[in-house]
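Look at the two complexes coming up: subunit A is in both, with subunit B in one and subunit C in the other.
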Partner chain A sequence: MLTSRRLIIAHFWLAFGLFGLALLLGAWQMLMRSPLSGWIENPEWYYRSLTAHGTVMAYVFPTLIAMGFGYAISESALEQPLIGRRWAWAGFWLVAVGSVTAVVPVALGRASVLYTFYPPLIGNGFYYVGIVLAVVGSWIWVALMSINLRIWKRANPGKPVPLAMFANVAGSYLWAWTAVGAALELLLQIIPVAFGLVSTIDAGLARIFFSWTLHAIVYFWLFPTYIAYYTIVPRAIGGRVYSDAMSRIAFVLFLVVAMPIGIHHAFMDPEVGAGFKFVHSVFTALVALPTLLTVFTICASVEIAARLRGGRGLFGWVTALPWRNPIMLALAFSFVMLGFGGAGGLINMSYQLDTSIHNTQWITGHFHLIFGGAIVIMYFAIAYDLWPHLTGRPLASLGLMRLQLWLWFVGMIVTTFPWHWVGILGMPRRMAFFDYGDPALAPLAFSVVLSVLGGFILVLSGLLFLVVLLRGHRTAPAEAGPYRFAEALHPPVSVPAVLNGYGLWVGLMIALTVSNYGYPILQLAVRSDTAVQAVYVGGSR
Partner chain B sequence: MKRDGWTSASIGATAIVFVVSAVVGFILLPLAQPHLGLTGLWDAICSAAGVVSRPSPAVEAPQKGTTVVMTPNMLASADAQSIGRGATLAHQCAICHGPAGISRADSPTLSGQFAPAIYKQLKDFKTGARVNAVMSPFVVNLSEQDMVDISVYYAYLPRLPSPWRTQDRPAPKIVASGAPLRGIAPCGSCHGDLDHKVGSPWLGGQSAGYFRGQLRNFASADRHNDINEQMRTIARRMTPEEIDEAALYYSGEAGPIQPLPR
Partner chain C sequence: MTVVPPADESAQVAARVERRWATMSIVIVLLLATAAALIGLQHATMPQGRVETIDAARLHLSGEFVESNLGTAVEPDGSVTVRAIGQQYSFVPDCLLVPTDTPITFRATSPDVVHGFLIVGTNINTMLVPGYVASIRARFSNPGEHLMPCQEFCGVGHEGMWARVKVIDKAEFTRLSAGKRRMSCAD
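The block that comes next holds the complex of A and B.
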C-alpha cells in the first residue's frame, strides 16, 4: 500500500542522479592521478572534485536512500499511509537545498577540505551550513519513522512490529545519534571558525567528534542493505527468513556496537590515550557478531529457498537457486564483497596491524569495497525491486539488470583489489599526483592503471543502472500489487518486549558512547592549550 | 526468557566486555611495557587514559612567534578614504619599496599584494616576530589604523602577474607540483595561483634576491613568523637548487641571481 509514491521516487531520483555525477568525478580523479595522465597542473581541482565526490557519496546519497526506502517500508510494512507527509517533503527539500548549498562553494573552489573536513583546514562557511541543513532534513525522517511506528503500535497493541519496520527504525535511531558527533564538530568548532568568529580550532578534538560519526555512519549506510538481505531477498527468490528473532537481534546489536568503536579511525592520533584505543579496538571486534549472525541467517534463508525449489545435497542446493534473478545475483555479489571487505577490516581494526596500512590506498580500497561494493549493489537491488511498485510499470529487461550488476561487481573488484595492494606497498591516499618515474613508485604503476580500468567499468555500470530505471518509466503500465516483505519461517506470534522496542538498546548505545568517548572528549575540551590557528582555504585570489 | 532476563543479560554482557577490555587496556598492557617506566597502578591507568600528568617542560620556542590572528574575511573590503590615507602614508616607504610599490632593489615588491598578508607582516615587524634591521624601524610609529590603510592601499595597486600563467617558460617542478615524496605541496596551492590560504603572500614579480633570502631564512628559522611553521617546514626540505629555481621563476628574471654570501 504505497500511497506516497511521488515522495519516495523523488528521494530515489535525487539520490541516484547525484550518485551518477559523483561517480563520474570519482573516475576522473582516478584517471588524473594514474600514469595514464600527466601530472595534474592544478591539484586544487583534484581536491575540489574529491570533496564533491565524498560529500555526495558519503552524506547525501545514502541518506536519501535510507529516507526514501524508510518511507516505503513504513507504508507497506505497517500498512498505513505515511503520517506527516508534508514534513517528509520538508525534510526532502532540506536535504536538497542543503546539498546545493554545500556543493556550490565546493564547485567554486572555496571549500576543498574533503568530506572529512580536516581541521585546521577551514573552507567557506556555507559548505558546512549546507551539510547541517541536510542532516537536519534527515532528522525529520528519523522523527517521522518513530512517530509512524508509535501510532501503529497504539493501534496494534502487543503485535510484533514487522521486521522491516523494526530494522528501519533502529537504523534511524542509530543515525540520529551518530550524526551528533559531526554536528557537534560543525556547530561548536568549525562553523564559528569558518565565519571568522574565532580563529583557532582544536583539531584533535574535532577529529574525535568526527570519529564518533565516522564509524557508525557506515552502519547507517548498511542498514538499507541489511534490510534488503532479510526482507527482500528471501521473498524475491521464494524463500523464508530463517529466524525472525535472530534477525531482530542482529539489528539491535548494531545499535549497541556501532557507536563505541570510532576511535579506531584515530589509532595514529597522539591526543587519544592508548587505553581508549584498545577498548575501541575490542568493541570493533564485536561488530563481527551481528555480521556473522546475518551471514548465517541469510545463508540459511537462501538454503530454504533452494530446497523449496527442489535443491538437494550438502551444497548441491546452491545450483537450484534462481541465479537469473537479479536480486539473487546482487546478494551473492554483495556477500562476496562483504567477505573480502570484512577480512580487510580485521587488519584496520587491529591497533597494531593498522600501522602498516594507515592512511594508505588500502583504506580507500577497503571502504569502497564495503560501501561502494557490498552496500551500494544492494541499493541497486532495492531500486529494482521497488521500482515497479513506485511507477506502476514493470522493469523490462532482466538481462540488462544482470549485466549492470555483473559490471558493478567486476568493476569494484578490479578497482579495489589493486588499491589494497598498492596500499600495502605504502602508497598514500588523498594525493593529487604521483611521480611514477621515481624508482620507489614505479612498481605501483601497473596496479594503478588496472584500478582505473575498474573505475571505467563502474561508470559504465552506473550509467546502465540509470538507463534501466529511466526505461522503467516508459513501459506499459501493469499493476504490481502491494509491496510485501519476506515472511519468517515461523512467523512471530509474540516477540519479547525488548525485541519489539528500542529502550534497552538505545540506552546501551548511549551508555557506551559516554563510557568510551566521555573522557577523551572532556579531556581535550577542558584543556586550554590544544588549539591551533585555522588555515583558511579558497581565500580571494 | 522474560523481559528482565533479556535486560540484565544484555547489560551484564556489555558491562563484562567493557570491564575486561578496560582492565587489559588500562592496566595489564601498560604494565607489561617496562619502557614506559610506570610507577604503579594509578600511573598505568592515567598513562593509558592519556592524562598529561607530567607535562614535559614546555619547549620554549627559541624565538618569538607571530601573534597575528588571520580570519577569512579580514580587510576584505576597503573604503576609498582608507586607501587614500594609505597612499599618503606610503610615501615614507617609497624609497625602498618603489613609488608604486614595485621595488627595483631587493626590497620586496608590495604592489597588488594581498592586504591581509601585508598587514600581518607589518604587525610581525612591530611585535618583533619578524626582524630586519633595515625595515623594522619603519613600523615603530605606525598605528593600527595606519597599518590597515597601508595594506589596503598596496593591495589596491595593480598586481604583477605570476609567471605561472603568463610565461611560456615551464614552471620548475618544485613550483608546479611541489615534491609529493617530501610532503611539499605546489607553491600555488597556498600562494594564490591555484588556491589561496589567507596570509600567504602573492609571490609573482618578487625580486629573486629577496625571494631566495626569505626561503633561506625560513629554512634556518632566522625568519620564524609563519603560523604553524607552514613555510619553514617547506623551506627546510627544499634543496638550494630548488630555491634558486623558484626564485628565478617567480621573479620573472632570466637569472642567474646575484650570488649572495652563503
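The block that comes next holds the complex of A and C.
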C-alpha cells in the first residue's frame, strides 16, 4: 500500500544521482594519486574533490536512502498512508537545498576541509550551514517515523510492531542522537568561527564532538542494510525470519552500543586520556555482538528457504538457494564483504593493533569495504526490490542486475584489498600525490594501480545500476501488488513491551553517552587555554 | 514420508540453538575485551596516560618546543627524548636521529592545524593536535631509515609533508652525541 510513491522515488533518485557523481569523483581521485598519473598540477583540486566525495557519500546519500526507505516501510509495514506527507516533502527539500548550499563552496574551492571538518582548518561558512540544513531535514523524517508509529500503536493496542518498522524507528532514533555530536561541533564551535564572530577554536574538543557522530553514523548507514537482511531477503528467496525476538534484540542493541564507542576514532589523539580510550575500546567490542547475532539469524533464515526448496545435507542446502535471484546474490556478496570488513574492524578497535594502521590506507580500505561494499550493495538490492512497487513497472533484466552486483563485488574487493595491504606498509591517507620514484614508496606502486582498476570497475557497476533503474521507468506497466516484508518462522502473537517500544533502549543510549562522553567533553569545555587560532582556507574572505 | 514435529517443539529447538550461538558470541566479545585489557595492563602498548596541554600560539617563543630545543636529547639516565614540531607543511627537524636499543620518548605538537605523526614500518603513530602535547614511548631494535609522513589532512600542501627517521647503532650514536645538546640527521 505505497501511496507516497513520488516522495519515495524523489528520495531514491536524488540519493543515487548524487551517488553517481561522487563515485566518479572517487575514481578520479584514485587515478590522480596513482602511478598512472603524473604530478597533479594543483593538489587543491584533489582535496576539493575528496571533500565533495566524502560529504555526499557520508552525509547525503545514506541519509536520503534511510529516509526514502523509511517512508516506504512506514506505509507498507504499518499498512497506513504516511501521516505528514507535506512535512516529508519539506524534509526532502531541506536536504536537497542543504546539499547544494554545502557543495557550491566546495566546488569553488572555498571549503576544502574534508567532510570530517578538521578544525582549526575553517572553510566557507555556507558549507557548514548546508550540512546543518540537510541534518535538520533528516530530523523531520525522524519525527515523522515516530509520529506514524505512535498513531499506529494507538489504533492497534497490544499488537507487535512489525519488525521492519520497529527497526526503522530504532535507526531514526540512533541518527537523531548521533547527529547531535557534529551539530554541537558545528553550531557551538565551527560556524561562529567561519562567520568571523570568534577567531579561536579548541581542536581537541571538536574532535571529541565529531567522534560522537563519527562512529554511530556508520550504524545509521547500516540500518537500511540490516532491515533488508531481516525483512526483504527471506521473503525474496522464499524463506522465513528465523527468530522475531532475536531480530528485535539485535536492533535495540545497535541503538544502545553504537553510541558510547566513538572515541576509538581518537585512540591516537592527545586530548583524551588512556582510561576513556580503554572504556571505548571495550564498548567497541560489544558492538560486534548484534552483528554476530545477525549473521546467525540471517544464515538460519536463508537455510530455511533452501530446505523449503528441497535442499539437503549439512551444507548441501547451499546449492538449493536461488542463486539467480539478484537479492540472494547481493546478500551473499554483502556477507562476504561484511566478514572481511568486520575482521578488519576488530583490528581497528584494539588500541594495540590500531597503532600500526591508524590513518593509513588500511582505514580507507576498511570503511570502503564495510560501507561501500557490504552496506551499499544492499542499498542496490533495496532499490531493485522496491522499484516495481514504486513505478508500477517490472524491472526487465535480471541478468543485467546480476552483472551489476558481480561488478560491484569484484570492484570493491579489487579496490579495497590492495588498500589494506599498502596501509600495512604504512601508506598515509588523503594525500594528493605520492612520489613513487622514491625507493621507499616504489613497492606500493603495483598495489595502487590494482586498486585504481577496481575503482574503474566500480564506476562501470554504478553506471549499470543507474541504467537498470532508468530502464525500469520504461517497461510496460504491471501492478506489482502490495509491498510485503518477510514473516517470522514463528510469527509473534505478542511481544514483551520492552521489545515493542524504545523507552529502555533510548534511555540506555543517552545514559551511556553521558557516562562515556561526559567527562572527556567537560574536561576540555571548561578550559579556555586549549583554543587555537583558526586557519582559514580557500583564499580571500 | 518425513515426520514433522509439532510447532512448539520445533520452536524450542530453534530457541536452544539460538541461545547457544548467542552465548558463544558473548564469550568471543569478552575474550577480545580481556585480551585488550591484559595487553594494556602489561604496558606492552599503551595510549598516552594523561592529557597534556600547551599554548600553541607561543610555542616558538618559550618553553619546551622552541627551535633550539627540538631534535634528539640524551637524558641523564641514558634514555633519549626526541622533540619535534609538525607544521604546515613540514616537520622540524625534518630528519630525526635515534639510536637502537634505547628507550625513546617522542614528544611532539603542532603550532597551527591538526597533523599526524607516523613512522612507517613501526607502530609509532599519533595525532598532533594544536594545544596538546603528544608523547609516546618507543624502542628500535634495528638500524635503518624510515619515512615519516604527516598522516592527517592539514591543508593543500599535505601531500608534501614527509620527514625521515634515521636509526643508527647505539655505539655510533653515543660517539656522535658527545658534547652535543640536541641532534638531528644534519649533525
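Criterion: the second predicted complex is superposed on the first by the 540 of 541 C-alpha atoms of A that agree within 3 Å, B and C clash if a C-alpha of one lies under 4 Å from a C-alpha of the other, contacts with A are read in each partner's own complex, and residues count from 1 in each chain.
Assume a contact is a pair of C-beta atoms (placed from the backbone, for glycine too) under 8 Å apart; a residue touches a chain by one contact, two chains touch by 3 or more.
Since we're looking at a predicted model, the values are computed, not measured.
A.B. asks: Clash or fit: subunit B against subunit C, after overlaying the two structures on subunit A?
C.D. replies: Clash: subunit B and subunit C overlap once superposed on subunit A.
A.B. asks: Looking at the overlay, what does A:359 touch: subunit B (first), subunit C (second), both, or neither?
C.D. replies: It touches subunit C, and subunit B stays clear.
A.B. asks: One more residue to check, A:93. First (subunit B), second (subunit C), both or neither?
C.D. replies: neither
A.B. asks: Please work out whether A:39 is in contact with subunit B alone, subunit C alone, both, or neither, and reply first, second, both or neither.
C.D. replies: In the superposed model, A:39 contacts subunit B only, not subunit C.
A.B. asks: Does subunit B (first) or subunit C (second) touch A:120, or do both, or does neither?
C.D. replies: Both partners, subunit B and subunit C.
A.B. asks: Classify the contacts of A:512 with the two partner chains as first (subunit B alone), second (subunit C alone), both, or neither.
C.D. replies: In the superposed model, A:512 contacts subunit B only, not subunit C.
A.B. asks: Check the residue A:196 against both partner chains and state whether it touches subunit B (first), subunit C (second), both, or neither.
C.D. replies: first
A.B. asks: Under the contact rule defined above, give the subunit A residues that sit at the interface with subunit B and also at the interface with subunit C.
C.D. replies: Common to the two interfaces on subunit A: residues 43-44, 112, 120, 271-274, 277-278, 282, 286, 431, 433-434, 438, 440, 523, 527, 532-533, 535, 537.
A.B. asks: For the complex, which residues does subunit A have touching subunit B?
C.D. replies: On the subunit A side, the touching residues are 39, 41-44, 109, 112, 120, 122, 124, 194-196, 199-200, 256, 271-279, 282-283, 286, 431, 433-435, 438, 440, 496-499, 504-505, 508, 511-512, 515, 519-520, 523, 527, 532-541.
A.B. asks: Over in the complex, which subunit A residues touch subunit C? Could you list them?
C.D. replies: Those in contact with subunit C are residues 43-44, 46-47, 112, 114, 118, 120-121, 202-204, 207, 242-243, 246, 266-274, 277-278, 281-282, 285-286, 288-289, 292-293, 296-297, 300, 346, 349-352, 355-356, 358-360, 425-426, 428-434, 438, 440-441, 489-490, 523, 527, 529-533, 535, 537.
A.B. asks: Can you check the complex and tell me which residues of subunit B touch subunit A?
C.D. replies: Interface residues on subunit B, with respect to subunit A: 1-3, 6-7, 10-11, 14, 17-18, 21-22, 24-26, 29-30, 45, 47-52, 69-74, 76, 114, 116, 176-177, 180-181, 185-186, 188-189, 192, 194-199, 227-228, 230.
A.B. asks: Would you tell me which residues of subunit C are touching subunit A in their complex?
C.D. replies: Subunit C reaches subunit A through residues 7, 11, 14-15, 17-18, 21-22, 25-26, 28-29, 32-33, 35-37, 39-40, 44-53, 55-57, 88, 109, 112-114, 116, 118, 120-121, 123-135, 145, 147, 149-160.
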